[in-house]
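Everything on this sheet refers to the single structure shown next.
Note that the chains are named A, B, C, D, E and F in the order they appear, and that numbering of residues resets to 1 at the start of each chain.
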Amino acid sequence: MERTLYVINPNSTQAVTDAFDAGLAPLRVPGGPRIECLTLREGPPGIQTQLDVESVTLPLVRMVQGLDREHGAAAAGYVIACFSDPGLHAVREATSKPVLGISECGVLTAMTQGQRVGVIAILRQSIPRHGRMFGAMGVAGRIAAELPLGLGVVELADADRTRARLADVGRQLRDTHQADVIVLGCAGMAAYREWLQAELGLPVVEPTQAATGMAIARILLDSAAR
Amino acid sequence: MERTLYVINPNSTQAVTDAFDAGLAPLRVPGGPRIECLTLREGPPGIQTQLDVESVTLPLVRMVQGLDREHGAAAAGYVIACFSDPGLHAVREATSKPVLGISECGVLTAMTQGQRVGVIAILRQSIPRHGRMFGAMGVAGRIAAELPLGLGVVELADADRTRARLADVGRQLRDTHQADVIVLGCAGMAAYREWLQAELGLPVVEPTQAATGMAIARILLDSAAR
Amino acid sequence: MERTLYVINPNSTQAVTDAFDAGLAPLRVPGGPRIECLTLREGPPGIQTQLDVESVTLPLVRMVQGLDREHGAAAAGYVIACFSDPGLHAVREATSKPVLGISECGVLTAMTQGQRVGVIAILRQSIPRHGRMFGAMGVAGRIAAELPLGLGVVELADADRTRARLADVGRQLRDTHQADVIVLGCAGMAAYREWLQAELGLPVVEPTQAATGMAIARILLDSAAR
Amino acid sequence: MERTLYVINPNSTQAVTDAFDAGLAPLRVPGGPRIECLTLREGPPGIQTQLDVESVTLPLVRMVQGLDREHGAAAAGYVIACFSDPGLHAVREATSKPVLGISECGVLTAMTQGQRVGVIAILRQSIPRHGRMFGAMGVAGRIAAELPLGLGVVELADADRTRARLADVGRQLRDTHQADVIVLGCAGMAAYREWLQAELGLPVVEPTQAATGMAIARILLDSAAR
Amino acid sequence: MERTLYVINPNSTQAVTDAFDAGLAPLRVPGGPRIECLTLREGPPGIQTQLDVESVTLPLVRMVQGLDREHGAAAAGYVIACFSDPGLHAVREATSKPVLGISECGVLTAMTQGQRVGVIAILRQSIPRHGRMFGAMGVAGRIAAELPLGLGVVELADADRTRARLADVGRQLRDTHQADVIVLGCAGMAAYREWLQAELGLPVVEPTQAATGMAIARILLDSAAR
Amino acid sequence: MERTLYVINPNSTQAVTDAFDAGLAPLRVPGGPRIECLTLREGPPGIQTQLDVESVTLPLVRMVQGLDREHGAAAAGYVIACFSDPGLHAVREATSKPVLGISECGVLTAMTQGQRVGVIAILRQSIPRHGRMFGAMGVAGRIAAELPLGLGVVELADADRTRARLADVGRQLRDTHQADVIVLGCAGMAAYREWLQAELGLPVVEPTQAATGMAIARILLDSAAR
């Protein structure tokens, strides 16, 4: 039986799904689960507000329940690919499969690559929401700072502008806030990871990759346990 | 113009609404806002799981938006009367009026009445969820412990059993965990507050009262500012 | 029986008492307690040092004991209206009535209006003292930063200078330290709250109002319990 | 080029290496790195004291440097398979490959499976050392408690006795300390994971599996980046 | 010029002063400062309440100012020998000499002798006050627990009863709360330190000794600097 | 019997040993222990990396064991004089004498002289390592910031350059990060302490002095106990 890990973009912007899908290529290996990236069609174009977050939690639960029902054990696990980890704990209740959030996994993975974690948010308004999440996770003391790009999810399509802002904000995190590892606070920036890493001379964590990596391990271990 | 504070029970159990409504009697004063307690008809009978929490967030947003639309400035503020503070931050985005959660206000108010806050949950399964909230609020260090009654929201109707468990759990919090103030971790236990306070010899905070109190002050100050 | 909440200025500067007295007007409502603002005549002109703090604790205890003795149950509660919360815990031992401090209530109230709390102190030398208090309260993780106006309590009389400094320091808290809610770290700045709120586009908490609001709720609930 | 992840047992007890080697079987997949488990021959029979920890740090560094030299890019990453994470940060300096510790990864992985992490140590004397590590990682607030089996690394060979103690200590963590996820605080207990999970009704994390899983993801991503 | 370190008992019970005076004998050395133990005659018989704490702060300030005036540079430093550190920060403002509190120094010194600090209070009612202090010091995470003897300061005169309670409470801290170092939360228990240390097999810190030791070093360094 | 406190420089640079040796002059008093400063000949010229730290732990253990063997009870205690506290916990296991680290004692001593501790590191690369230590100590909340001089241990010989950098970094800690006490994050800067103190108007802690002071007290008390 082929097992599939579903990586779900809770926003409806296919370009974001495509961006992290491409970033997951290295994690697609013969013996591992299939990795299928899905877009929540009924989601908003971007998750920018708390209302956006709440608007996708039940749809995510239903989507996961539907996949579970349709595929049974072949649906092996789920990643919620939005840096606000919408519905994470509700989805965990709704399925017995591993469910990972990219915010939690991005930060936890960064904690193995540096001592002071800098986070690059897309929008300033998300930072208090992320702060609540870091507090809930009990890791607020490891966050050097979170700074915003000040770009909309859609604006990220302008690669030059995005690069310029990423480098600028990354340098601020490194030089002013002493971050020694950077987390990209968004699901759609995989293509910039290696470039930014080289630019800053610091490890950069792409959180969808981080969560997918942790999910794959969980799936392999769970499958063996059956 | 008469201003109204809406205290909303996100579960559909009218008995819970009635219970906290009665507990709010002392806060109904001539010069203060009207206090109207509403039941979210589409909510589940009790908020016991994370899915229950998520199931009421958008309905709460819509309810608040509806009240805002219908009553304009006469709708002066909102209390979310469930100890999981469902949708708190989403509702805050949806209205410019004060919005208070009973979990946050219960704990914050307790912090002015003792140093080590003991929380009495209804069900054990809610405790990790509350733990995430206390972490998000940055007050986890003030929580002595949270212990469950192990009673369903509905079972709370059996007053003798409820009293016996409240006293037992309260004593454990006081004697084993050194709590010097107790928060009732549920919207529907107002009738037991004074009794438990006497029983334990410790201040007991009923969180719907706490949130309503803080909301009234915010409303009075906001009204004056207009 | 008419109940009175006493809001006590521990410094001897009547202008400060008058300033917060005016700010409490919206909280004076028909069914609520009378709110009487008192000045501790034997206090120093301003509470600027730890010695100033200590110099007023026993006088505050005696004042409260005197009011309790004189008025009995009609003396319904007390607010210590100095941002160092002098004598707060001693006064609590000395009376069975609710006793609230403006520092604790200012910060706790701000915690319901934003995630990162910025505090505006009058003088730099008070900041370490406030830091100890925030630590004792267990909320240090919620404080984005505290910055001083660098004005003496008396200098606050120059409204233009005060406004300029408030706006300047508020902007620093907002832009450099990412505060999304501001607490005025002094009893005497009520008149600037709404103006500063508009200036910064952030909620601003006047702590004497915050403490008075919380005290009123406590009094209403306590009275009902008798 | 075939890449290999080296999972190194810093103690010299081959039975421990064999135990975690067996536990890693599910993580050996066609497209993933080879996983080779090595025993540090010069290590002590078990890492029980801080001196034991220190005694293996330089040997671990030399071993990793030797593997790097011998295998070049084919040596793709390293896991230090001892719950004291000996030499973790020194090994990180000595190689550009991913280096993961089982203590950090065990706890971080557990943080995605429960809110209150219970840790089962082998010996009581290790608990303060682990406490320093959790502090250094900034996750002490997530640790419900750590309790010892009170068995020597060698005694773990007695499966019945080990099971009895694991169940007993696990129940204490669950029932007295409210842990909702358990981490096995030792490299050699993989064989008990599923059994204990069923016994307690809680997720149980085997830290060598957790670290190996995180290392595989890092290796796949790093390889792709070259 | 002979320099003197004044170790001041803020309560008026000479037996307490005598008890810690005897405990300081080992710290009286030829090249070190004279150590003179003083009793604050106007203090209460024991510092048991917050009001007791506040009642001695100004007298302590005046006493120190008097000693400074009388002895000039020969008054080389001060220790406040009460586990509530009454007036510590006010006295620091009142003199340029080193001022140490036994609570802060007891805990800080214990932090170099174990990872989890257990504190033995005299009375239960002091524990919330000490909790505020540990929070203000930012070391709450290092406190395993604080448990009370439940004996009055005066009752400590009954050595057998005191020993029995010390051993009992110490064992609870060690066995239930995993403390690996103990602080005696009172100025008057020096005579029991070594005995309790042997009884528990854990280091025991007598806080007046700890503070005096830190004060001597400060005095020697300050004197050299002049 | 004359007792000796050994203060050990884990790096091989005699000039560093000489520098802190000179700084300890005030702590050499007739009745106190002899203070002998030793250089670990096999150490690296400076402890700059984690590998440097690890490279000296076993040599430090052996050195201490050798001194214990050679001198018996006359070897009365040990200070590890490197701000990374290398081998601290291993050495503690290896001897029954007091063992103090200069990093822990520097910070703990500073915590009695100010509320926000600023640390001046020599090199930027040490800051994450120190951050782990402050976390392990549970005092991270008291650290205002740690900033680097950006000078090599050897470069510290250029007194003018060192002074200029110390003043510059100290001012940043004081003015930007609100530090009100400074710790010199290196064993070799004793000669600058008083000068920097005057320059900044803040207390400055030289950590070798701090640790030596705490060790002397421990030795005097231990000796008395025998």
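By definition in this document, contacts are C-beta pairs under 8 Å (C-beta built on N, C-alpha and C of every residue); 3 or more make two chains touch, one makes a residue touch a chain.
Remember, predicted model here, so these are calculated numbers, not experimental data.
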(request) Identify the chains in contact with subunit A as well as subunit E, in label order. (result) B, C, D, F
(request) Could you put a whole-Å number on the gap between the CA centroids of subunit D and subunit F? (result) 33
(request) Measure off the straight-line distance from the CA centroid of subunit A to the CA centroid of subunit C, and report it in whole Å. (result) 42
(message) Could you work out how far the Cα centre of subunit B sits from that of subunit C, in whole Å?
(response) 25
(message) If a residue has to touch 2 or more other chains to count, which residues of subunit F qualify?
(response) 132, 135, 137-138, 140-141
(request) Could you list each pair of chains that touch one another? (result) A-B, A-C, A-D, A-F, B-C, B-D, B-E, C-E, C-F, D-E, D-F, E-F
(message) Could you list, by residue number, the parts of subunit C that touch subunit F in their complex?
(response) 127-128, 131-132, 135, 140-141
(message) Residue numbers of subunit A touching subunit B in their complex, please.
(response) 49-51, 53-55, 57-58, 61, 87, 89-90, 92-94, 129, 132-133, 135-138, 140
(message) So in the complex, the part of subunit A that touches subunit D is made up of which residues?
(response) 25-32, 100-101, 104-105, 108-109, 111-112, 137-139, 141-142, 194, 209-210, 212-214, 216-218, 220-221, 223-225
(request) Show which residues of subunit F lie in contact with subunit C when the two form their complex. (result) 114-116, 141, 178, 180
